[in-house]
Structure formats: C-alpha cells, structure tokens
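Chain lettering (A, B, C, D and E) follows the sequence in which the chains are written, and residue indices restart at 1 in each chain.
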Amino acid sequence: MSQISLSGIHKSFGSTEVLKGVSLDIEAGEFVTLVGPSGCGKSTLLRILAGLDSADTGDVRIQAQSVTQTRAADRNLAMVFQSYALYPHLSVAENMMTPLKMRELGWAGRLPIVGPLVARRACRDIHARVEAVAETLKITPLLARKPGQLSGGQRQRVALGRAMVRDPVAFLMDEPLSNLDAALRVHMRAELSELHRRLNATFVYVTHDQAEALTMSDRMAVMMQGEILQVGPPDEIYHNPASLAVARFIGSPAINVLPGEKLADGRVVLLGQRLFNVQSGQPRALFIGLRPEHLHLAAEGRFEGMISHRENLGSDLFLHLTLKEMDNPVVIRAHPDQARNVARGHNVRFDLDPAKVLFFEADGQRVTLDGARQLEVAQ
Amino acid sequence: MSQISLSGIHKSFGSTEVLKGVSLDIEAGEFVTLVGPSGCGKSTLLRILAGLDSADTGDVRIQAQSVTQTRAADRNLAMVFQSYALYPHLSVAENMMTPLKMRELGWAGRLPIVGPLVARRACRDIHARVEAVAETLKITPLLARKPGQLSGGQRQRVALGRAMVRDPVAFLMDEPLSNLDAALRVHMRAELSELHRRLNATFVYVTHDQAEALTMSDRMAVMMQGEILQVGPPDEIYHNPASLAVARFIGSPAINVLPGEKLADGRVVLLGQRLFNVQSGQPRALFIGLRPEHLHLAAEGRFEGMISHRENLGSDLFLHLTLKEMDNPVVIRAHPDQARNVARGHNVRFDLDPAKVLFFEADGQRVTLDGARQLEVAQ
Amino acid sequence: EDKIVVEFGYPYSHLFDVTYEKILPKFYEQHPNIEIKMRATYESYEDGTNTILREAVAGTLPDVTMQGLNRQAILVEKGIAKSLEPFIAKEADFAKDGYHKAMLDLGTFGDDVYGLPFSISLPVGYYNMEVMAKAGYDETNLPTTWSEVVEACGKLREAGVDNPMFWGWNITGNWFLQALMWSQDKPTVEGNDFQLDTPEGLTALNTMKDIFSGCEMQNLEWKAALASFSAGDLGMMYWSTSAVGAVERAMGDFTLVTSEYPGLDEKGPMGLPAGGNSALMVSTSEDPAELEAAWAWLKFITSGEGAADVARTTGYMPPNQAANEIILKDFYADNPAKATAVRQLPLLREWQAYPGDNGLAATQVIYDGLEGIVTGEYSDMTELQEELTEEVQDLLK
Amino acid sequence: MTEAVADTKALALRFSTKTALTHAVLILGALIVLLPFYTMLSLSLKAPAEIMQQTGGFIGTQAPFRDDYCIKLGKEVADCMVNPIAYNYSTAFEKAPLLRYLLNGVVVTVSIFFIQVVVALPCAYALAKLRFWGREFVFTLVLFCLLIPVHAIALPLYIMLAKVGLTNTYAALIIPWTISVFGIFLMRQFFMTVPDDLIDAARMDGMSEYAIIWRVMLPTAIPALMAFGIFSVVAHWNDYFWPRIVITGNRDLFTPPLGLREFKGDADGDNFGPMMATACIIVTPLIVCFLLAQRRFIEGITLSGMK
Amino acid sequence: MIKSHAHIWFIGPALVLMTVILLIPILIAMGLSVTDYSLGNMGAEFVGFENYEKIFTRSAYEKMFGATFRYVFVVVPLTVGLGLGSALLIHSLGRFGDIYKTIYFLPVMAALIAMAIVWEFAFHPTIGVINSTLERGCGTWLELWTWYAKGCERSFPLWLQDRDYAIWTVSFIGVWQGFGFNMVLYLAGLTSIPRSLYDAAEMDGAKRGWDRFRLVTWPLLGPTTVFVVTISFIRSFQVFDMVEAFYPQGGGPSKSVFVMMFAIYEKGIQQNLMGIGAAITVVFLAFVMVLTLIQRWLVERRTHYA
C-alpha cells in the first residue's frame, strides 16, 4: 500500500476549477516533485494533502487511512513553506521546538515560564532533539537568534529544521528554494537531496523550476491547468515526454518544435529534408521536437540558419538560429570552444541526431512512428 | 570619452564601508553587468550612478560631465527596479506616460482633467510614443490595466516600457528578472538582449545570477565586498578569472578547487599525480581550479572517486564524487547517456583536460606557471 | 452595636465640603449612633436632580438629598420625595427652632412640607468701589434702580471703563427673570399658566433689554464674568450672594461692596426669588429607625448651629431665622458683604419650577429666549414675549 | 568645475532652508498646540487671585496666600498661609484622594483594555483569516456599531446595569466598554496583513485555532495592539461622561477625571489651582505611556488591505 | 480547513456583547422614540411620529442641524488636512520628528474637561491670552484690516460667547484636539509606502516635492485617507464632551453650538424627555450612516487597494 494516495481530487474556487480530478500515489521514502507553471494548482493540491484546504470531491489517504476529515494538526505531516513562515517573535530554537511542544506537552507544560518547571523531563528531551537537528543542519550557532536576523539560506534551513524535529509521515515542501539567490539555490538542491537520503523519508516537493524537479526527484509529476499530465522518473519525463506541453515545459532552453510531416510513402520530412522513412500510410502533419543538445553545428548539415543571438554560459554556448522557413528561432547547443567561429549574423549549417527526434500530433499528443528507429538514417 | 565613468566611489553606511573605491568606465551602447553575491554593494553603486544616493567621495561622470551634484531627475537616466516600482494606482499607459509628462508638460498640462485640453498637442504626442513602445514590448492589450492585474512577466515589461519611452543616456536595471519564475527568467534574458541590440543603448545591469551576466553582457564587472574584482567580457571572466573568488562565483556548478603543489623540480602535482612539468624553481603550494566540464570520466583516468550524488538535468549529468583525499566533493559533468552506467556508490575513475587547469596562489591570486603550456602532458 | 447609616448626597463639593466638615462633628456628638455616608457630590443642581431620577429607576436612592429649590417640585410630582409632615408632627417645638413660614413655603407642595431649605441665596449687587469711584460713586449713592444702573454704565464708560457691568441672566432656572417678575410682585407661573404674557412680563423683558443694550453688556459665561470682576474690569456685577466667598477669594486689590438688588423703581423690588438648596427625604427604607435617623440629620443641618455653619463657610444665608438673628449677629457685622442678603430676607419668594414633564424643557426655552436678548438676536420684546409664551405654554399644557 | 561647486552650495543651501522652513512651520504649530498646556501648567502653579486676574506670569509670585477652607474650619490665619504650588498639588492629592482615583483609573482602563483584547482579538482573527458563512454580515455589523454614539445609549445602558444591580461598582465602569468595535476593526486590518502561510505553518505544527490567536497572532500584532492600547487607554482614562452617570454613590470608585469635579463650584466659583494640578497629574501617565510606546505604535497602524 | 467551528467561539463573545451593549440599547432607543417616556414615570404613551415631527419643525432643531453640519464640515477637512500636513512635515524630518509627534499628540491625550477650562481662560474676552495678544497688535499695520481695527477700537470678540464666532471657535478647538490623531494614522500610512516608488518618481523626473506628492504619496495614502476620513466623520458627528464642557446650559450662544449629540443629551438626560432624545438618536444614526455610505462610495471609486 502506498504511503500517500490522492484520488480524484477536485477543487474549485468560485467558478474556476483549479484541480480537475487529480490522482497520485506516493510510496514510502519517495521524493516526488510536483512541477508545473505558476497557477496550475500545485500549491492547492499540496494544501489539500496537508489538510489546510479541503477538496470538493476526492479522497486523501495517508498510510491507508482516509484523512479527508482529519484536520491538518492531526495528519502528522510536516510542511516547509515558500515564505518559510517562521514565527517572527520566537528564536530559532523556539521555532523549532514549537511543533514538539504542541504535540507532546500538556497545557501546563506550554505555559511561558512555569512550563519548563512543570514538564521538566519532556522539555529537556525536546531541547535535546532540537539540538540534534540543529547539529545536522549546521545551525547550532544560530539557535538563539530571531528569524529577522538570519539570511535567506539560514531561514530556509530553520524552516527545514522545524519540519525535521518531528518524525512526520511525509515532508511537504512548497517551493522552498524560490526565495534564494541563484547560487544558493543550486547549492541547496544538493543539500536537500542529501537530506532526503539520510532521513529516508517521504518528500512531496512543489516547484515551478524544472531544474529542481529533474535533479532531486525520484519521480516527478508534471501538472498543468489542474491536471497531472505525466508522472515518472525525471529521465523518463525528459527523454520520453507524453505530450508537447510536457516536452516544452521540461528542459532549458526549451525544446525546439518544428513543423514536419509524414508523407504517404513513409518519408518523414522536416523543413523539406527527409529525415528517414517509416512504414507508409496515411500522410499526416507532425510537430517535431528537438532538444538543443540534440542539434549540432555541421559544415555539411542539411539545415541552415542565421545566428540571431548567442548565449555563452562559459560551459555551454547556445545559439539562436533564425530559419527562413520559421518564425521562432531554433536553439542549438554548441561547444563553447566554437564561440569564436560563430558570430551574430553568420549563416551556419546544422544537423540533428535522428535517434532523438520526438514526434507530436497536431493536438500535442506524442506519437511514435512505427519503424522509425529501424530505418537507416539518410545522410 | 566613455559614456559613463565612475571613479573612486566610496560609500559607507554608518561604520560599514559598503563601497571601497570603485571605478568603472562604460562605453556608449555597451551592455555592462555588475554581478556579485548578495550584499556586495551592487545596488548601492547603481543608485549612486542614478543619483538616488550620493557617494561619500568619488566622481560620477555622464557624457564627460560631472554629475556628482546633479539630482537624479536631471541625469536623464532610466531605471528598472527589482520590485518594478510601478505606480499601483495608475494604468499601464499612465505608468508609461509619467516620465514623459513630468519632463515635457508644464504644471498646467499635468492637471488631471484640464491637462489634456491645455496641452493637446503634447499629450497626443506622448500617447503616440507610449503606444509605439507598447507595440514593441507587445503589451498593447494591457495598456488599460492596473499593475495589480498583471503577471510578473507583464509587470516586468511595463517597467521596461516606462524606461523606454524616453531616450535616456543609459538604462539602469537592478535585478529586473529576480522576481520571475525560472522559465520566464530564461525567456526574458533573450528578450532583454534583443532589446539592447535594437535600441543600441547603454545598459547597466545588476544581478547576482551569473547566468544572466554571462549570457547578456558585453562586459561584466564582478563585485565582491564593495570592490570590483575583475572587469571583462564574459568569456574572459569565465575562462580567465583573475582570482579564486571570481572563478568560484562564476560558473554553475561552481569550479572545483583542489589542493596541488609545484615541486622544486618543476613537477606540478595534483592529488599525488603529476599533471605536467614547468620550469623548476621554488616549490610552492597551489590551488588548482577545474571546472566540471573540464573533467571527464575515463576508465583509465588517473583519479578515482565515489559517486555520492547525481544531478541529471536531462541535457547534462552532474556527478558529485567523493575523493579519499578531500572533504568537498568534486563535481564532474558527464554525458546524460552515461547516466545508466553510473549509480550512486559506484567508484569511478576520471581525468582532466590539462589545458584548462587554472592555478591560484594560497591568497587566491591567479598565477600562470611559466612554461606549463609548452610541456608535454604526461600520460 | 451597629450604627445606623444615613446616605446623603449634595452638590458643589468645592463649596459645601467645608460646611459639612464643620457640621459633622457636632452632629456626631449629639447622635453617636448615626453615621452619615457622603455620596459622590453633584456637579450642579441639574446633575443632582438627574442623578436622583436615575437612582429612583435603579433603586439606589440615598436617604437625604440636597436639591436646588426649583427642583423640588419635579421630585415631589414623581413621588420620589417623601412628605416630612409625619416627622414634623412628632416634633414638639418645631416652630421654635426658627423655621418661619416664608422659608417653609419654599418646600411646601400642596399642604405638605417636603423640603427644608438648607442654604438660601438672594440676588445682590457686587461693586468694585475703585472702578465705581471713577464715575463718582461711593457706598452711599450706589444705583438702586435699573435705570440708574444703566446711567451708571454710561458714566463708567465715559470714564474709560470698557465693560462696566454684568447681569446674571444666565443663572440656572431663569432665576433673574423670576427676580424681575417678583420685583413687580408677579409670579412667573400660576398653576399651569406662564405669566410672561402679562404687562409685568413685558416690563421684565424690556428692562432686561435696556440693561443689556444700555450697558453694552458682554455675553459672559459665569467663570469669565467672575474673572473679569476679579481682575477689576467690571464695575458692577449682579449675581447670587452665594458667590461672595468665591469673589473674595479671587479678587484683586480693590474694595468689594455688596448692596441691595436694584428695583424697577425707587421703592425697590417687591420680592425676590430664593436660590440655594433644600434637603429632601428620598429614602426608600421602611425601617422607622432609619427614617428617624435621616430626619435627625435633615433637621440638624437645617436648624441651629448646623444652619449657622452655612453662613460661616459660604456666601449663603441659613434658612433659619434663629440662626440669622441670634447666632450670627457678630458674624454679619464682621462680614458686611454677606449681610446684604440678610437685609433682603423679607422679600424672599419662591423660586418657581414649571410644572409637568416638560418643565425643564420650558426652562431651557426661556433661557434661549433671554440669551437672544443678550446676543441681539431679538430686538422686539413684544414679539419675543409672544413667541416665548406660545412655546412655553405649549410645553406646560 | 567652479560652477559645480557653486551648484553644490546652492543645493546645500536649498536643503537647509527647506528643513529650516519645515522646522519653523512645525514649531509654530507646536506653539499653538502647546498653548493650553502651558496655561494648564501655569494655572496649577499659581494662587487663586493670580489665576482669576491673570497676573503673575508663568509661575506667579509664589507669595503665600490665605487658604479659606482652613480659615472656615476655624484655624488661625497664620496657620492657614500656604504656598500656591504646595497648596494646589497637596489639595489635589488630599482633598480629592487623587492617588485612589489614579489607582481606580489604572484598574478600570487596564481591565477594559484586557477584556477588549480578549474579546476583540479572536473576533478580528475570525473576520480576517477564517472563511465562514455570515462573515460579511458580522463585519457589516461591526461597521454599523462603529457609528453608534455611546452618549445616545447611555440611559438604556444605565437602566440595564441598574436592573442587575451593578451601578456604583467597578463592573459598571467596565462592562459597557468590554466590546470595542474600533478594536475589532483595527485589529482585523492588521491581521489581514499577516501572511496566511504563518497561520498554516502553525496549523501544521499542531496548534489549535485558539492557540494560533494567542501564540502567533498576538505576538505578531504587538505593534497594532499598542496602537489600539493607546486609543483605548486614552479614551477611558479621560472619560468623564460615563463614570459620572454610573458612579453616584461611592466616591471611592471615582476615576481621575471625576477628581476634577471636586473643585467645581460652578456659579459659585471653581477652585482652579488644584483643578489644574489634578489635570496635570492625570495627563502625565498617558504622556509617559505614549513616549514609551510611540515607535512601535505607529508601525502598528497598518491600514493596507483596507476595504 | 477541515470542518471547524472555531469561528463560532471567536465571534460569539463579541457578537453577544455587541448585541447586548450596543444593539439592544439602540433598539430600545428606537422603541422609545415613538413614545413620550420620561425618566421616573411609571409608563409611557405611544405618540407615533410626533417626536420626529418636532425635530424637523422646531427652530431649535434647525439650529441643531446647522451647528452639527458647520462643525463637521469645518473639522473633518481641517483635521484631515492638518493631520496629513503635519505627518508629511514630520516624516520628512527624520530626527526631531519624535518630539513634534509627541507634542501634536498631546491634545488627543489630555482630558477634555480640563482643557475646556483652560481654553475658557485663553479665550477670555479681556484677560485671555488670545485677546491680549491681539491687543498688542493694535496701532500697527494690522489695523489696516477693518476687522482688526474694529477689535482694537471696541474689543476683540468674545470667542466662545458670541453667536457669530462660537461655533468656529469650538471647531477650532475640535481641530486642535483631533488632528494629532489623524497625524498618527497618516504617519503610519507614510511609513508603509515603498521607498522604491519615490526612487521611481525621481527617475521619472518628478523634481518638485509637489510632483512626488501627487504621483506617489497621495494615491498611496488612499486607504489611509478613507479610514481617516471615515473615523473623523464619525468622531466629529459625535462631538459632545467639549460642547457640554463649554455650554452645559443650552448649547452655546443662541444655540449656535447645539450639535446633535448635545441635543440628545439635553433632551434625554438633562430634561428627561427620553422620547425626543431617542428620536434624535435615530435621526442621528440615519444621518451618519447615509453620509458614511456616500463618502465611502465617493472615495472608494477613486482609491486603489494595492
């Protein structure tokens, strides 16, 4: 039985349907990412799982128990918020103690001054646990500070710490990195992954940054407009997207989409060039998806374009090529060493790796063309 | 004569010195980026240039005129703020009109209702210009809306539009993309570059995101702790950093820094392996910088590490290797196709591209070792 | 043994605290088993009456209360005040204690006595002799009629006194209107009829108008008037004798003389309304011992030594002939300013209240009308007479 | 270059004249504002004659004068000569038992504020952060109640209190003010600005809604609470109307402003010196409180999200 | 939120108290307003709308509306204007600001009853500080002003007792007493305006202070202004203490300061005519409500809520 199971979740705010029947199963110990553009309903789904919102219809199960009627405080989930939501008036240590105090001390133990005296043992225990977590997160020197005196990354860690002191069924995180600066974000990605491995706990992670989703998750669920379009391991999603929407959203720079067609005789044609042959059949128009790294500059390449923009990241060089036949530029990844030879305005030739070509129907559905792989690639 | 020239700018807030004598020349039409970690003084410098703050000492010259005593409104610079700072009560069109109205209409023309009657011609002219800019930025349908009704990307464009309606000496931008989501940020990068080309205007751009700096700028200035460490074209900064600090800040994932040494006989040794020989001389300890993309997995590589973490971005695969000899992992860029063969916990061997090795002194200063390049690489 | 507690309420603590402080030890000496509990003082007579009305509704009435003479009627009408007849009947030599008829009349309603007057005031004239001297007046030739007052104003003004006189039209309960009416021996109300529509009424109004315009009198509020007089700005001031203490305390370095209230003609006023307050029994107690104790207190303060202390500590006269004539003889000799009112005692008349629920509203209507004369809002007195009569009569019906 | 230097000077000059002008205007305003306080303080230092004649400047001559009250009680004149300042202030404390009144004032204002907070905070929280049926209606009711003038309902209230026998008690002074619609309104506006995430975080941490109010909302709302506190305390500390109506029996329950009436003689002359001394004493604690609270107090009145 | 009834416990006490303390008395007042009840009487008779009729026909009540509206329409704009003005000036200062802030807030904190007495002294026609200051200007160029010359010749006005001046004098004191309250609210509003908007305005060429005010300050103070104006309206409609302190009898010279709250007090409490008092209360509430609604409607259309 899976650890967490959402089935048929519907949710509307007023007349707008924000979630349109979402189902998702999450196994114990898994790191699952919900990724999708802003406003697609990720946070709403997470909040329904947490018990902070309630679904209109649908069922939420945690460890095989239906919790649809259980309030957030009783679901034993921990959540890290995008804004961190630290209590501004409490010190870091007190922030981290709060969930324990609330759950483990009686009302007397929670009193401001007498509390520690009444529930001596429990308090000492709580202190010890907070210190242990602080040690893990390397925030021990900060324990006495108030959140206002911390930097973004430090706050992020405290928010994590507050979630970690308990032993929740799962950690829910709503864009926990989006308030950090670029360098720190990259760094924290690795830290979070490491944490997940060490705790061996279930993580449900919401983000709109596909890089985070790709690098951290065991499985990712791509959401758009209130629906989950595809669920799978990052590799699968990246290389084998189920639809054009998924393909477009995942990958940076975004996948190039070019108009192609399959002719009646089985030839698949892109911009007038035959890519390969497949079994003959109904002729049809196709969208052809090609990721920038699957295109390469080649002196005798079959396609030609004019360099309209260069992005040199040092480690990579992205060239935006304007093609005669197309409005949108095609983005190609080149080796930075080639930078010297390619300036804006130059015409260059390029070719593609036919094995990596993705086909989509006009409605965005991914299709595989029978026999495509077997055919010899035309030079 | 350069368009903008900052020389010897010092600035302290209270007892903390935020700018420690910064000098920078910017040519007409250039896109110059100030990049550096949070809190290093970028915004302060930009505000001093804009005239919103004043320097303690130092001179600001615009088009060869000292403007140190000129107030912001008279410097004819346009600025895009990180928070966009759109007037929340004015429509998009009115927001964009404001700088023109303030500069070109008398008090009568600025009156709410009678204004347009009094200064009929001027008003019509202003309207026309705003519409033209809106057209360029593709925000014509939004002109009647209030900022509150716009998405982040749309606001960003309006803020740009407000700067563009005039013909300023330079555009100043303070982290204009940092409030956008990941995908939009990548997209806007290209748009900004395109805009710069089209306007052919001077841009001074502040960011802490090295990717933005690398992809957009003609030249970038790396700032740290109130000082400019290095100024140069992105390529130069990336491949030829003047110091360890610059090398560490630019590049993602960050450069690997390993301890090495030069022996008295001229051998340069990294982790016990000879890299190559240089002219003999004083033995010395060195830091050796190696970017992830200059390391590669190789069955017979001279170095060995255990894979502690994998980041698969689909287009790239970053492996974090733990080496016996080192605390920090070494990050290596591998081809995603290799992903299947390398799992966490595996031991792998790797090697490096000796031509790309960077050397730094113990104090972080970059050094070139005489003769290093000429020497045959030991296999 | 428990003491019997009598709860007692009175107005103007600043004025009367000292009086009771003097009386209490003497009372306790005679009645060791009674304790007087002082309630929060009333801020003014109106406040006192309203407080009693509220307390009647709330059921928290004191045993004895001091009420302005013109406010007794309303409490009697509403059945809050108790008739004192049963207690008087038991007293052997009540008359001998000095309660003479004129005084008792002030608190008699129907055939029963309800209130025993405590402190009595009459209107008098206050003169700053230094200012008066500028116009050639001395103690012997002070004005005795209102036309002489107006004349004096003219002279004073010529002598450079900007602000020669103040006349207390604004004293609560239309006291000075009633003074002008009584001066002609005419009550202001008879039964349910407002008497302003009589020739006497018109005379009263015209007299006021003459005084105000003839003296170009400023519309001063009492505190401002007292300040002006104390500062030596005013030459003449017509007010209640109760203020003698306050004036003496506050006045500058000049000679103060009080003199009889002027009349409409040389004969002087034929009557004057009594001001001040009287003691009413409002106890809701059924216990005869308590009622007896309340009566004992009530009687003590309105007679003999108790009453005499009123004069000794305030500008008021005691209500009690005996006190005035026997006990206080020397006192008046030493305090001539306070003696004026005593000389006017024979003129004492009732300070009338307007009957019915709307009585206070009627008082206000008249007040507003009088103010209109001062502020110049009304210049035709006949018109004002008609207007006021109509409106007040409407309220009284 | 010289031009630039001249420019600098002009700029600096412009700046300083502008600030100087600002100060000039503000000082003029301050003088007008302070005039009555100057008078109040001055009157509290002078002898009765000096007060009524408006002589003696700010502190008067301080020549001893004769205390009538003392004379009337039959003491010797020599024993009754008093110094004005000593007389005014000692009378304020002795005659009016001002200390007792001040204590009452503290008891009453603190109780009122405490109960107002206990009642208003949960309500404001519910109106700002909970979604429930009838919320708009309740809020409209709050806005309507904001319009009700207390003076207009004083008598019905008095009768209601009398019916349950509460007149002449602390309760009578406190109960009518236990509900502060202004407080609900102000706190709601502030709570609207508290991020929802913070409340959700508290829920995840296992707090009940009740705990959220006292453990999260209250501490974050301290500045707003101070603002509300100042308004509430000022209003009830200085209230003259209501205590006068309900406290008719026991002088021991007087609040400080009622102390002022001890010196009222109305048509027969007020005793201004002690009265003004009392007034000075009454206002002092408030000024001290304001000075202590003002920083956070102004931050607290957040009106964004007003609607 | 999973089915929680917490809100019932949260708004319950407030709702109950609101009903018992505010709404029931108002309902009682409405009931009394159609009777002739007088305190101390056993019962009361139903008189229909007679009380209301009186309000709208008797001349005293005409004066009541006149005085109320004069007061409100002087005091509201001035307290709001001065509150804003002083807040702006103080806000621009940085240092020293705290001193002015405290001074200007003093009148809000002082007991009005004591201040009323002080003002009476200050406004005393001859020895008051106001007129004696004015007199000092006699014989100077100020006499060119005919009003001034007249004052010098005879005497300066009796500010509080002259029916032409009283309401304005009282309004002045109302402004004196109230603008500090608004100042504090505006200061709070000012601190919450993002600095970056001023920077943007400066970059856009708003050089003069007035331009920045028009472009940024005033619009962003919109919500504050709505609040301040609403509260000022309510407060000045409810003005009472001061009138009662100055004119316990009758509401000022020729009833020129006979404001509605005082009328309610005079009828209901001073004269025991609770029926009429209640009727005025009802009219008062209706007025304030209508005005508040109109005012909100007017302002709301021009205010943005960021």
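General remarks:
Convention: contacts are C-beta pairs under 8 Å (C-beta built on N, C-alpha and C of every residue); 3 or more make two chains touch, one makes a residue touch a chain.
According to UniProt, the chain labels map to these proteins: A, B = sn-glycerol-3-phosphate import ATP-binding protein UgpC; D = L-arabinose transport system permease protein AraQ; E = Lactose transport system permease protein LacF.
Everything numeric in this text was worked out from a predicted model, so none of it was measured.
Shared contact partners of chain C and chain E, listed by label: D. Chain pairs B-E and D-E differ in how many C-beta pairs are in contact, and the one with more is D-E. Each chain gets one centre point, the mean of its Cα atoms, and the points for chain A and chain D are 56 Å apart.
The centroid of the Cα atoms in chain A and the matching centroid in chain B are 25 Å apart.
Chain B and chain C have CA centres that are 91 Å apart.
Shown for chain B are the residues that touch two or more other chains, namely 71.
For chain C, the set of residues that touch two or more other chains comprises 44, 54, 57, 172, 223, 227, 231.
Taken residue by residue, chain D touches two or more other chains at 53-54, 155, 208, 270, whereas all remaining positions touch fewer. Against chain B, the residues of chain E that register as touching in their complex are 194, 196-197, 199-207, 211, 214-216, 219-220, 222, 304, 306.
Against chain E, in their complex, chain D makes its touches with residues 19, 22-23, 25-26, 29-30, 32-37, 39-40, 43, 53-54, 118-120, 122-123, 125-127, 130-132, 135, 138, 141-142, 144-149, 151-157, 160, 175-176, 178-179, 181, 184, 189, 208-210, 213, 227, 234, 237-238, 240-241, 256-257, 260, 270, 272, 275-276, 278-279, 282-283, 286-287, 290-291, 294, 297-307. Here chain B touches chain E in the complex through residues 47, 50-52, 71-74, 77-79, 81, 83, 85-90, 98-99, 102-103, 110, 146, 148, 162, going by the rule given at the top. The touching residues of chain D, counted against chain C in their complex, run 48-49, 51-55, 68-69, 72-74, 95, 155, 158-159, 161-163, 167-168, 244-245, 247-251, 254, 258, 261-271.
Of all residues in chain E, only 36, 38-41, 60, 117, 120-121, 124-127, 154-155, 158, 160-163, 246, 248-250, 253-255, 266-267, 269-273 touch chain C in the complex they form.
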